[in-house]
Amino acid sequence: MNKIIEVKDLTKQFAVTSKLGAKTEFVKAVNGVSFDVLEGETLGLVGESGCGKSTTGRLILRLIKPTSGDIFLEGKNINQISDKELRKIRKDIQVVFQNPYSALDPKMTISDILSEPLSIHKVVHKYQYEKEVKRLLSLVGLSEKDMKKFPHEFSGGQRQRIGIARAIATKPKFIICDEPVSALDVSVQSQILNLLTELQNELKVSYLFIAHGLNVIRHMSNKVGVMYLGKIVEIGDVDEIYNNPIHPYTKTLLSSAPIPDPFNDRERQIIKGEVPSPINIPAGCAFHPRCQHAMEICKHKMPFLKGSGSQHKVACHLIDYNEKFRGE
Amino acid sequence: MNPVILNILKRVFSTILIFFIFIYVTVFITVIPKDFTIKKVDDKWTVTYPIKNIVQIVNYNLKSLAQGEYKTTSNGKDAVLLIKNSLSKSIKLLTGGLLLAMIIGILKGIFDSRRGNSRDSSLKVLLTIIPISLPDILVVALLQSFAIWLIQHGIKIFKVAGSGTWQHELLPIIALSILPAAYIARVTAMSIESCYDKEYVKAAIGKGCSSRRILWNHVMRNAIGIIFESLSNITSMIIGNMMIVEYMFSYPGITQLLMNSYKSYDRNTTIVTIIVIGIIYFILDTLFQAIKHVTFKPLKEETA
Amino acid sequence: MSLLEVRDLKTYFYIGNQVIKAVDGISFSVERNETLAIVGESGSGKSVTALSVMRLINPPGKVIEGDINYNNVNLQKLSEKQMCMVRGDRVSMIYQEPMMSLNPAISVGEQIREALLIHKTVPKSESKKRAIQLMNFVSIPEAQVRYNDLPAKFSGGMRQRIMIAIAIACNPDLLIADEPTTALDVTIQSEIMELLRSMKNKLNMSMLLITHDLGVVAENADRVIVMYCGKIMEEASVQDLFRKPMHPYTVGLMKCIPRIDSSVDKLYSIPGYIPHPSQFPEGCRFNDRCERATDKCREKMPELIEIHEGHKVRCWQHHD
C-alpha cells in the first residue's frame, strides 16, 4: 500500500507579541512531527490542548506555512510549491471542521455550498452540477429537497453532514477531520462517525482524525499518534497502543478518561502539575517535570521515537533503560 | 538590540518624523497665495504659481521661524507672552471641560444603561443622543440664551462673555463639555450593557452579589477600560468644539488668537499658534493612549 | 426531609411569538450528602433546571410554575434580597467555562474574598487569610503569592479550582456543578472531579451534577436523572441505571458511545435528530426516534412511574 501523506520533521513556530509590540517570544506549536498515512487508512492524532494536533492539521492543509520540515502528497513535496500548484493539489486534500455552525457560509444555499468546489476544481461539467449535488447529498444521508435551503435551517448534525459532503465533493485522496464530532450531541456523534467510516470504505479515502476524545479516536483510527507539547510521544497500531500503552503520558491519558461503567474499578495513573506553557517547553523530554518515572537523563536529553515492536514507536528513555518496562 | 527598546525607538522616531511633516505642511498651507489655483491654459493644466517658488518661500519662512522671528507679532507686541496667556486660558477650559464631560458622561451613561433589566431605556437614551445630533453652534447658542434668561430672572452665576473671573469660565466649560459628555455617555452605556451579558456577571449574581455590588465592583471595573479606550476619539471633537466655544463666548483662548492673527495677516503668529494647538492635540492623545494602556493592560494578558 | 425538593418545575422562554418549553414539569429531590446527576443532551433542559433553582432565569425566560424547596423554604417566594443571601452561602454554583465566569479585571484572591465578605462568613480582618486557606484547600500552589494574580495568569484547570474555592467558601449545603469539566482537558477533568468528590466528603455537601458525559456520571453520581426535551425520562440509582437501563433513550445513549476499552465496526446510533424546542412531537417526546414506538406513544405522553424501588421511567413499554 502506498503512502498518501508523509510528514517529516514538521515544525511550526509562532511569534508571541509582547511589551509594546515587539516579538520577543516564540511558541513552538509543532516541534518536529513525522508520520505517514497509507491509502484507505485513518491516523488518529490525540492530545490535550496546546499539544499541536490542530496546528499539524492546518500545516498539512497548507493553511499556514511550516517553519521547517516536509510534507509529501503521494511522494510529491508540497511544501515548496507555487501558489498555482497549491491550488491544484487542494483538490486532493480536504477538511471537515469542528464547528458546524461557523463552517458553512450562512448566506449560501446548500446547493451553492456544494457546487462551489465542483466548479473550482472542475470536477464535473457545469450542466452536471445539480445532479452531482444531489448525489453528494444522498451519500451523506440528506435529501435533495434540502438543496435550496440555508444552513440555519439545519441542526448541528445535519450541518456537519453538509460539511462532509463538501469535503468529498472534489473526490479527495485525503481528508483532515479536525474534531468533527466534538461540537455535536452524543446521540448524533455516532451517526456522523458511522457516516465517515462508510464513506471511507466506499471512496477509499484516507483520514487524519484529530480529536481529544480517546474513545472516538479508538473507534475511528487504524493507527494513533499521541501528541504532547508539539511532539509525538507514542505512535502505533491503535489496539496495540490502547491495550499496551508504554509512554507514561499515554498511560495517564488513558486512565484519566471516564468510563461509563460504575462497576469498573481501575487503577488511576497520577500525574503531577499542569501542562507547561508552550512558550517554555521544558528541556530534555518535555514531559519530565510531570513524569513519575523521570530519571536524570530525561532532564537534558530529548528522547526520539524508537520502535519497540513493529509499528509501535515510543519517545521515552525508559524503554532503553529498563527492558522490563516494556509491556508493563 | 533589545526588541522592546527597538520598538520604542521606532515609535519615537516616527512621532518626530510626523511632527516635522506637520510643521512643514502647516507653513506650506499658510504660505500659499490667495489666488493660487489650477487653470487650464492652452489645453494643459497649470498652476498659477509654480510650486517651486512656493517651496522656496516655505523654506525661507521655516528658517526665519527657527531663528526666532515669531517672537513679535506684526503689530510689534510680544508674541510669546500673548501665546502663553491665551494658552493658559485654553488649558483651563480644556481640563475643566474634559473633567466635567467625563463626570456627566459616565453618570448619564450608567443612568441610561439597562443594567441587566430589560426595562425600556430608549427615552433616556434619546436625551443623550439629542446633543450629539444638533450642530455644535446651536447647542452653544442655546446655552448662552439659557444663561441670559437666568440673568434676566436674577440668577447671576454665569457671565456670558469675555473673561477675567471664574464666572466667565463657567459657561464656556459647560458648553465645551456637552458634546463629549453625550459621546462618553453613549460609550459608557454600551460598554456597561455589554458587560452585563458576560458570564462573570451571572457568576457574581450566583455568588449572592447585590445589584449595586455587581454594577460598581464588577461591571464598572471592566467598562472603565472600554471607556478610556474610546476617549482618544474625543480629542478632535473637543478641540474643534473649543474653537466654537471661544468664538461665541469671546473667550480669549488660543483659538481666538489664531483667528485674530489670521485676520490681521500675521503669518508667523498664525503658524506658531497652529503648531501649539497641534502639540496640545498630541499631548492629549498620548495621555489617553497611556491611560488606555494602563487600564487595559490586565486584559491584554488574556491570551496567555 | 430532602435537602432540595423540586416539584413540577416549568420554565418557559418566550422568544418572538414562540414558546420554548425548556423545562416542562419535572420533579426531583436531592438528599443530604448525595450526588444527583442530571444527564441530557442539548435542549434537554438540564442547565435551565440548575439556573431555575438558583433563580438566575432572566427574561425572556420565566419560571412559570413549580416549587423549589430548600430545607423546606420555598425559594420562589423569597425576595431578591433574601435570595442573594441564599446564593453562594447555602447553595452555590460552578459553571462550564471557568475563564468566562471569573472577572478578568479583579485578582483571584479578591474574588474568593468577595464571597466571604458578602455573606459575612468571617470578620473582614480574617477574610484574606481565609481566602488563602481556601486556595490551599483546592490545591492552588503558592497561594500567598498568587492571591494577587489576575485570572488570565492561570490555566483552565486552575481557574476551575478557583471557581470551586469561591463556591465552597461559605460551606454551602448544596453545590450545583453545571458541566464543570466539559471545557477542560481529560487529565485535568479527572483531577477536578477528584477534587469535587473530596470537597463533598470533607464538607458534607450535596452535589447536583449537570453533564452530558455518561462516564462522568458513572464515576461520580449516586443517583441519576435522564432528561430529554424538558422532561425526565428515567430516574434511578447509578448502579441500576447502568445495569438495567429501561427507557429506550437511555439505552440508546449508552449503546451509541464508543468505548475506550473495546472497539466495534459500526456504532449503534439513535435515528433522527433532537427536535427543536418549539416543535416537540405529540405524545411521548421521544417517539419519532424510538425503535419501539407504538401508536399510543404518538398520542399520549406517559407518566413517570416507579417500576422498581427507586427506579422510575416514563415509557408506555414499561407501564404494564
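In order of appearance the chains are A, B and C, and numbering begins at 1 in each one.
As a working rule, contacts are C-beta pairs under 8 Å (C-beta built on N, C-alpha and C of every residue); 3 or more make two chains touch, one makes a residue touch a chain.
As the structure is a computational prediction, the values presented were derived from the model and not from experiment.
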So the chain most remote from chain C by C-alpha centre is B
Chains sharing the largest count of C-beta contacts are A-C
In whole angstrom, the CA-centroid distance of chain A from chain B equals 53
Chain-centre distance (mean CA atoms) for chain A and chain C, in whole Å, is 32
Residue ranges of chain B touching at least 2 other chains are 304
So chain C residues touching two or more other chains come to none
The residues of chain C that touch chain A in their complex are 41-42, 155-158, 185-190, 193, 212-219, 238-239, 242-243, 252-254, 256-261, 263-270, 273-274, 276
Residue set of chain C touching chain B in the complex reads 54, 56, 58-59, 81, 84-89, 92-93, 95, 97, 100-106, 114-115, 118-119, 150, 152-153, 163, 166
In their shared complex, chain C is touched by residues of chain A numbered 48-49, 155, 157-158, 185-191, 193-194, 197, 212, 214-216, 218-219, 238-239, 242, 252-254, 256-264, 268, 271, 274-275
Chain B residues touching chain C in their complex are 116, 118, 198-200, 202-210, 213, 217-218, 221-222, 225, 298-299, 301-302, 304
